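Here the chain labels run A, B, C and D in written order, and each chain numbers its own residues starting at 1.
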């Protein structure tokens, strides 16, 4: 089965008839607009890497669903090796884009729906799993991007969905029609939403019987009638509109999120994967969370690699590469970065088989991985800025180099140690700025906190997955407490 | 003596004939250009607050130099009370601007030159102190802004000034003329440079005899021939150019730095405060560092107050103000912020009188204060982003609310808990974004690392100011080591 | 008025007829028992230092209560200068004893009762303040040690005093008699209890009307009938019983706590300072907490000085004093230690006058100081152990040096760099062990967490003393939120 | 091949004729002396667990060396699965002993010597690998404990072995005799040395040609003539000598280290595994370091489990198990503990095959694992003490409960919430004390810093194993730096 090439993907995206608004204007083509092009190009790298012969071991997989080779970003994981390779692939993508390349949430989502539809069918006698397998055949055969649409606006966080004043604060069924249902609501912060062919919608939280109407999962094409994408603003995003783009820092790539509004969207029955089986909503969320929290120990670590490299390059440009304090800080950056990676690898190495036959990561270790992700990138960024120097935020535009009045001054005074041009230094500084204070910081910092669930979510899950009673029994035995009262 | 009003200051700045370039274009008036206006307005607040009757105890002082009331930002501190009030004033300014208001580096610089010129005269029989007192009379009488011009480009950091390939990497004397000298070089990251009337130039490091020509201190007006200001770029700076400025976050204020080039600038003798007395260069740097490192425990703490307030406002808008994890994080933010303040207050409370009669802060505690400043604002920002939610970096423009297609969606789905408009929430989010990822992050984060000296500078000074030998003697006595070998 | 000398104090303690049990045995004299002698000697240093002419400025004060010079450890603070000197004195004591010298809780307690009795009288028309002034006259005239007896056993922490199954879990009045009252209960972890002449009892928490009987404060002599002291065990405490005491680490001093049981103890009316005025209980606790939390930024910092000194001595003994990683860690230890001190100094510098005329520290900064105390000594200890090396916990006894079989081996192989004896190294290691893992760790680590209130107590107080509403108003103004809804 | 039982091991140890000194006295039998018994019992658990049918999958392995089942503690790892199971086994042992059970350093050492002798033979044509295989046959067939003897005294750390004033500061060859060599020196901090049958000696650092005589590796039985063991003192060690041992905290187990002196010890040729091949010394150290640094992510995590369990038990005893701050701290403890485990698991999951056929862990991740180990146990301990309360270090002896005078008071006032005896609470407190301030802290805290190499060793290795050049190339590509100068 031929995989899509990068160029074919970009074409498919240009032709996709979805309704996208950037800063209040509907745009014609996502990859042709200067704001949205870099994220499209980051996504496109997931196709490009799979084209490379020497990387096929990492970026493709043999899928039992279609009995053929698929892009690993559409693969249902069936072994520990699959789980580990996913992490390694995400880190490699992070190194190559220094961005959120946006395709892992969808991957983690399809792996979760695959497992949970099987369990739903076992408990409720529903036909969801085969429907979903059919959907996956379509996705894998056509090598499509699937967006994970999970987070609802939530309104008043102290109230469940059914008790909200505005019922639409959680996406729900507004009508049952022959052959399908009509849904209304919105999904927020949808990573890569505008670069996806298919939207896979799942609930955002555990639900009780009263919230049955909100226990819904389905997939619709991005261009479905009633679907609107509102593109999110990022720090320094309009630097991409400047003529020379010289201060963008990351020349090629970016990430993006969108609010996706579902304004009375029709979903045909064969694309429905949950409809009212509320006890499964929480389990789906938990499984997705485990998969996705581990993913962060791949992609963010790859971005961390780039930040480490940029920092090392800057240290050499300034001639401080042998200073003890620099070496200590560099070691610390690597240490923190690899600690993040270790969490993901461990969760994969201790993975388990779900009843559906697919594999999932160890949820305790995946949550532990993510909780570190909510902390260490800030410290790595701080260390990078420490080494980079205050010039990071006070230097002129790279463009100023060409100005006849001040260009000569800029070139003369921002030079590095002998033989290193000021331009090299400035380019590296702009890259560090991008990742720690610019468009790249969106995914490297803020999304490291909130993506795949906020820190408090991990704080709640971690003791739940740890057998505290067992730890008590070890302690009681050792200090001679007989009955455990 | 009448102090300048805010409006008079803005006029004086508009009329100042200095040569300022913003993104490669010379601008006519700093306060009239949309990029440079907010920093000018932040500086102007230092005048406005001193106009307020109820704040005169804090923002003005009685100066023995002019025997009259002066703005405390031009005051030579003559008591512990002066030192403490400076810190309190800086915090108050931080609260009111959430920005670097740019006038404290100049204040700390004049206090340092005041003390050091006295000591230089004692050692070398020079006439600097009286010259400087005369300069201060002029500054105080006219209520002027003085910029501290210290940091040189430095070229290859492993070489001293006199051994650089390009001698201009450190500002130096290129010619001695009748009635004065001619200097060449550049000073980088000059806070508030473009908003200052007078430039006070001092050396950037301790110097040896071979670097005598670099041991130079003087003051020149900003519009002096040969002086050029190149304005630094900041993250998200061009949002200020957008028609509605709706996404700037901080509606009124900002900070700014500039590279200031001295291209063969003539300095008259009566404005020279050091010329070749190299042993004093290091002492001047050290004294300035102490004053200025303590200042950060005022201004950054005020910005921290605003960030805490914005975060608390957001928590209420979402209805999570009683969640235990939120309360714990809020307490932690306050705790870290006050720890920063404590360092500054302690360094003031333990201040001492210099031979000149002026007062200086305790240098050990001032360095300790600053080293915490290089760390805690990052953690406070991380906590603020944690509470704010991922929407911080994924939401549409505030302007999108007015768009007929998507505006209704934005208004409907970004609403807070009952009774809280989405706009309120979005405005607070933009303010948090400004301080942690936007123009405000320049001073709240990166400058917190590097301003007044990078962390390694503090790491070197801290043990130097601590009497390690005394601590050893305490230990030896307690464990019975008789002779101290 | 003559102050007591160290020797007079030791005699007074030997003769004190209080009932003290150490490891299940009643002891005859606290300063004569090898376990309890070092804490008695630490307390005695508070007398010895005040005897020293050159330290009288620090260890004594002019008391308006007796119109004469008193030991500062019995002084009611009447100025900011008093508040600051107290902190400096505590640090000095910490340096000289590397122990909890146990006299500051009592000092903080009398300062609190002084202020609160005044306020109680104002509100309730009671006669407590004059009674307390009379008590203070007695204390100051005779230069006595007062113990602060606050913490009750608490039983079930989810229930208030009056709802406990066993009413005695909080000390309370069991009988009113002519001329006084009879009380029952226990006070736990009473620092220096066994080394005190007078026990000053105060409530342990804020109380409601139902808990009126628990709102009680009084003072009784240590030898009062019905009072029993049960001495607490400490890690490695029995090394003090070994013949040569060679492994005690700290040769002279220590700290101690005791459980003090009040088994139907009679309190005469003139010694009662609160009896049922429950609204004042919480205020007394809060005021004492502020005073005492600031104190930790004195004493623990002094112990930190000793640990820094011991570590520096070890580094030199091993010849690593110029290693970059060692210098960085030493600077970090000093930095953390001084950050603790800064909190205390700042709380004193920002102190205020109470209605009684006495001065109290700023409660926000005092709580901030203490919260850092619950954290940094652990990190300082970790760094000290890092530098000391694994030998800290694996070396033989110092006594082993004298053994004919293994002594020569020990001497040969534990030697430091040329010219440094193994014994010097071992003595320093034992001191580090004492402070970080031995009897000294009781006060340097665990009490740093819990003394003067556990971390959660500070987490609750810090936002309460911070004006969060004001911080919100700063934020609202800056981002253009008009009405504050 | 029958494995040794726990009882057989204890007998073998009693009968071992090695020369052991505890506090200056030679002892007759390690398992019969109250100080050294608990460590012997911890070691014995490695035999006991392997006896358990349901744990044979974890504690035994199939060895190709003897073609039979061996205790996994003597197994040369031949797969990733072997590497992972080792980590899981170590954690299980940590849970069961809350101690250093002392058998993993030997295990890691034989795995390193196995791989390095193979490589030495390849490079130098030496016969070491087969000799070592023969040695391993003997060890596995007889199920023996091997101690890893690595760390030398080092004297002046700024000088290499051959330049020390006292040549014996590093173990070295003093004579070559027919059939073998004679060695002199000492090895410090040897974990489980006194509980081992065989001593495997390896160099402690990379060596140059001048230090050839120090490039030596061999194995000798513990009872070899000239070998002396000097047992290390631990905090609170003599509580084990008290009649009831009621305050030991951990009733059964402990860890121990010894200084082992080699005073002209003869080593027969067939037991020599390196003799002068100095280039391999550094590689052996590095490989051992990797294996052993990963091990700490097993054993210390198991001890962490016990500490978590004891803390959870205490929280319930006090009735605070639903307090938000307690739950947050518990989650944090679990989080940190699992982060440590993740490092070890990841290093195993990313293991590789050595030229000898055996498997080794990823060295970067193993170093990262260990560097976290030097930090987190201190924070976990701090949190445990926070939850436990100040009573941890101020309560009387457990024995005091039985005293007629004070026993009733202790029982009455140290009770927990309704239904929980004071004794339960006190036992748990003593266990927490043991691990964080007592004999258990030796391995849980100090050895976590220094065992398997001090933090600085990891700081040096981490950037060495990270491909910094590759990270620079990622950065350069993304910001458009063409040539990499």
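Keep in mind that, in the parts below, a contact is a pair of C-beta atoms (placed from the backbone, for glycine too) under 8 Å apart; a residue touches a chain by one contact, two chains touch by 3 or more.
The shown structure was predicted, so the numbers you read here are calculated from the model rather than taken from an experiment.
> Between B-D and A-D, which chain pair is linked by the larger number of C-beta contacts?
More C-beta contacts join the chains of A-D.
> Need the most distant chain from chain D, centre defined as the mean of C-alpha atoms.
Looking at centroid distances, B is the chain farthest away.
> In whole angstrom, how far does the Cα centroid of chain A sit from the Cα centroid of chain B?
Result: the chain centres lie 38 Å from each other.
> Just curious, how far off is chain D from chain B if you go by their C-alpha centres, in Å?
Their C-alpha centroids are separated by 51 Å.
> Distance between chain A and chain D based on Cα centroids, please, to the nearest Å.
40
> What are the residues of chain B that contact at least two other chains?
325, 328, 459
> Help me check something: in the complex, which residues belonging to chain B touch chain C?
Its residues touching chain C are 84, 95-98, 249-253, 305-310, 312-313, 327-328, 330-332, 334-335, 338-339, 341-343, 345-350, 364-365, 368-369, 371-372, 419-420, 424, 427-428, 430-431, 458-460, 462-463, 466, 468, 470-476, 478-481, 485.
> For the complex, which residues does chain B have touching chain A?
It is residues 21, 23-24, 26, 151, 153, 155-158, 165-166, 168-169, 186, 188-189, 228, 230-236, 238-239, 242, 247, 257-259, 261, 263, 318-320, 325, 374-375, 378-379, 381-382, 385-386, 389-397, 399-400, 402-403, 405-406, 409-410, 412-418, 433, 437-438, 441-442, 445-447, 449-451, 454-456, 459 of chain B that touch chain A.
> Across the complex, what residues on chain D touch chain B?
Its residues touching chain B are 324-325, 328.
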